[in-house]
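Two complexes, one shared chain (chain A), two partners (chain B, chain C).
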Partner chain A sequence: MSKIFTKRLMKELLDLKHNPPAGVVLEDVNDLKCWKINIIGAKDTLYDGEIFTLQFTFSNNYPIDSPEVVFINHIPVHPHFYSNGHICLSILYDHWSPALTVSSVCLSIISMLSSCTKKVHPIDNDRYVMMAKANPKLTTWEFSDDTV
Partner chain B sequence: MDYMFQDAEKHKLQGNIFFKQQQYEEAIKEYTTAIIKNSKNIKYYTNRALCYIRLKKFEEAINDCKRAIEIDKNSLKGNYLLGQAIIESSNSSARLNEAIQVLRIAYDQAIQQKKEDSNEIAKVILKARKKKYEVEGDRKTVENSDLMEYLINLVENDRQNKIADIKSDTSRTEEDINNEIEYINYEQDQRIDNLRKTFIKADPFKKDREAPDYLFGKIHFNIMLDPVITPSGITYDRTELREHFEKIGYFDPLTRKEITEKDVVPNLALREAIEDFLDHNGWANDE
Partner chain C sequence: MSDIDFDEGDDDFLYDESGEDYLDESGEDYLDELDFTEIIQEKQERKKYEVEYKVYSIEEIEDFQNKEIEHVANIIGCFKEHAATLLRHFKWNKERLIELYMDRTEEVTKEAGVIVDAQKLPKLIKVEDFCCDICCDSGDDIESLALSCGHRFCKDCYSQYLTQKIKVEGECRNIQCPSDACNIIVDENTIKMLVSEDTYHRYTSLLIRTYVDDNIFLHWCPAPNCEYAVECKIHDSDLQRLVPTVKCKCGHQFCFGCGLPDHQPCICSLVAKWLNKCRDDSETANWISVNTKECPKCKASIEKNGGCNHMTCKKCKNEFCWVCMGPWSEHGNQWYTCNRFEEKTSVDARDSQSRSRAKLERYLHYYNRYANHEQSAKLDTELYEKTERKMERMQKSSELSWIEVQFLKEAVETVVQCRNTLKWTYSFAFYLQKDNQTTLFEDNQRDLEMAVEQLSELLEEEIKPNRIAELKQRVVDKSIYVKHRREILLEDTAQGLKESRWVFIDP
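Our next item is the complex of A and B:
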């Protein structure tokens, strides 16, 4: 594991432990390259108080490469979250920037939950889940909807 | 003359082969022959210097680097190897400053020539700074403890004098004298203790000061060596930003505004602040 990569992750980890943003709770980091983080649906939204677990997997080239982020176990019903846990969010793929952090990604996902108006699966959920590979970064994403 | 130059080149190539086989003594002989036949080729000197560094013969390496720099004062390799040889062989803060200076030249050259080496050079500069900090830190701690020892001796002498005075006071009972001595001992012990505490507090080199976030690059979270500012007003480490440009794209990582490398300018004030911080808190160099 490259040193430069470990250093950044250690700093992010400490930061997340000591000053976590609202609704983000570190669940389990047995392996520095694979984190589990709980996010809690914000008050007065459709997901109020619901707890979801995100799994972050980092490659050796993080933060130049984006982390692989999926929901595990209980997956929220949401127009941009597929039922296999994959997340349709541009900053995780084409629009990744190395200045983004684990905590900013978590906040983006929480805000996606908060702005949702109807708990439905994505339109192409069944087709996607059948075709998709385990790693969402291998999918060619088309980001069409900016409203949710 | 041409023939001599060709011959020199042959010896250099043979030297390179020995170098790859880690036969540094043999390689040095070849490079030396090459230098005799053509004393103006900078590569012969830098190659031989690298052999000397591998053999830990730093004085010889430094001489070769200096000759290379005489031929071309901006030689990337000459300055880079010179810096390394000085770091390895020297423990004075003036020499280490010299190393930092020549490494800076090498770094600027690497940036201009868009060489990947800039990252490597940046790390060596941090190493030089760390060593300089350690050297200076050691000296300051010794100075401090000299003064502390002196003051403690004064308190000890005072203790002996006071005890002697009490003992020679014939008007006191033995019990009274013992009580008084016990009190004096307590008082002086307290003073010595306070003195030690004060010195520990005053020692800037023992403080675990935390580096403020603004000294770190926004991409790898390392302390920045060459901070540059983008048109959006955000500062990044040049090497990190360049890696971002090459692998992700030509935009500002935070604001996503399109930029190219030409748009960024050095943030000299921040660089000074970082260097000042490192001079006083060597731990931050800890890579």
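Our next item is the complex of A and C:
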């Protein structure tokens, strides 16, 4: 495990513990390589008060490589979240930047929830879920909609 | 300023006229300098079916790029690094870059990911109270670097980031600043400064690769391990009118249009169609033709594997008689025997059947000849290898010199080349509409074919040491004749393509 990996994750962990952004709660960080984080739907949105769990898995090459992020257990019904927990969000794949952090990813996902106007599954949900590999980073994503 | 205006207008004109990337003054000078005489010679000797092209080595391409970069850097007055990024963004279309840059500098640079105003090039420095956003290291003693966008990261993170982009993701001209949502491109100089020599080498070879891939007039030679690129000023729309066969310095002869091995005189679109058809059809079609009949209604192929003559098509449920192919409903009570062979409905059914069979027969006619030449070319090469060994033995036992036993090699090369041409004439003919023009084509084809078969036969003759001079004479004479016939056929076909004399059908 590289020095930069440990140092960076420790710092992010401390930040999240001491000043977590609104709606982000650390759930389980027993393993530094795999975090579980709860996010809470913002007030006056379709997901008001609902709690969802995100699982972050970090490769040794983090933060040069993006983390693998999926919903586990209860998965929100949303046009960009597939029912197997995969998330269609460009910064998790092609547009990842090493300057992004766990907390900025959480905030992006909360804002995706907040701007949603209709609880529906993605159009190609069934087909995708049937074909997809376990790791969403192995999917070739196309990012067509930047409104939600 | 007036100088620049002139340049712009001039370039614009050239661009519109030819749609070419670098046929400007400096580019032309460069080409001429290389081998002026060769181009003149080519022009004089070029046959109607040949195209003008040039083969470049990687060094020549690099050299050319550097000149282009320098030229642009001088015109717009910026660092070479920035000029390179701009040129790469515009896929080396210098005229367009300069034109747009003069009109809308800000927009263009923003889109390309360059900040040209920057006074300094990025370099590693130590900043007081610095904290790297990637590794979270902080202190006064850390070497760090920022592009002209100002996003500063430490040296280690930067080089790890760049190495990942180059080695793992295979990126080169699109490596952006590591900061989120910043599209400033990391320039070549910065990369050289930050990554290992090995990685930098990989980076430059990727750059060359994308340069060739971006340029529609440049293609890599498809031969394995060949590192030459061929330049040919042919547009996609020209491919209906000519077959741009080029020969790389490595010896591989291929079509510039589609990258497949030489397929004179058949044009690319027909070649693609033909290969596709052959892949799906040939053997299966043969079997179907022999063993099945078609349902008179839906044309599905049916194999009768037993039972009576009352057929019910599995696909469309049409009921018909296997013997006369007429509808079963008209057979009334005459179950299991058919004496209705001349009834109109059944004659019609059989007619349409035979038409579609004729189509198949036609295809197989051309396919078999096509496949035959392909196979024969292989056999000819094998035969040659055997003969060559024999010749070597003979050379040792007789007084013949090495050069004197070389005539067979040339003859075999001619036969193989002509067989390849003949092969494609059959695919070409398959798509030709039958008219007076085609008759001419077929005559040429026949003459070449006859000549090739005769030469091929000569090659099979037993070689006796005392008659070798005579054989040599015959082989050389025949080879010259065969080459001549091939030229006639190709010239006429090329001329026909140019004049749109050939009418193609979709059989």
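Of note:
Methods note: the second predicted complex is superposed on the first by the 148 of 148 C-alpha atoms of A that agree within 3 Å, B and C clash if a C-alpha of one lies under 4 Å from a C-alpha of the other, contacts with A are read in each partner's own complex, and residues count from 1 in each chain.
Please note the rule applied: a residue touches a chain if its C-beta (ideal position, glycine included) is under 8 Å from a C-beta of that chain, and two chains touch if they have at least 3 such contacts.
Quantities reported herein were computed from a predicted structural model and do not represent experimental measurements.
Overlay on chain A: chain B and chain C clash in the combined arrangement.
Of the two partner chains, neither chain B nor chain C is touched by A:C34. By the touch criterion stated above, A:A42 is placed in contact with neither chain B nor chain C.
Of the two partner chains placed around the shared chain by superposition, neither chain B nor chain C is touched by A:I51.
By the document's definition of touching, both partners, chain B and chain C, reach A:P98. Within the superposed three-chain model, A:P63 lies in touch with chain B and with chain C [touch as defined at top]. By the document's definition of touching, both partners, chain B and chain C, reach A:K11.
Once both structures are placed on chain A, chain A residues 3-4, 7-8, 11, 61, 63-64, 95, 97-99 are touched by chain B and, in the other complex, by chain C. Within the complex, the chain C residues that touch chain A are 133-137, 151, 153, 156-157, 160-161, 164, 178-182. Across the interface of their complex, chain B is touched by residues 3-4, 7-8, 11-12, 61, 63-64, 95-99 of chain A. Across the complex, chain A is touched by residues 218-222, 240, 243-244, 247-248, 251, 253-254, 256, 287 of chain B. Residue ranges on chain A touching chain C, taken from their complex, read 3-4, 7-8, 11, 61, 63-65, 91, 95, 97-100, 104.
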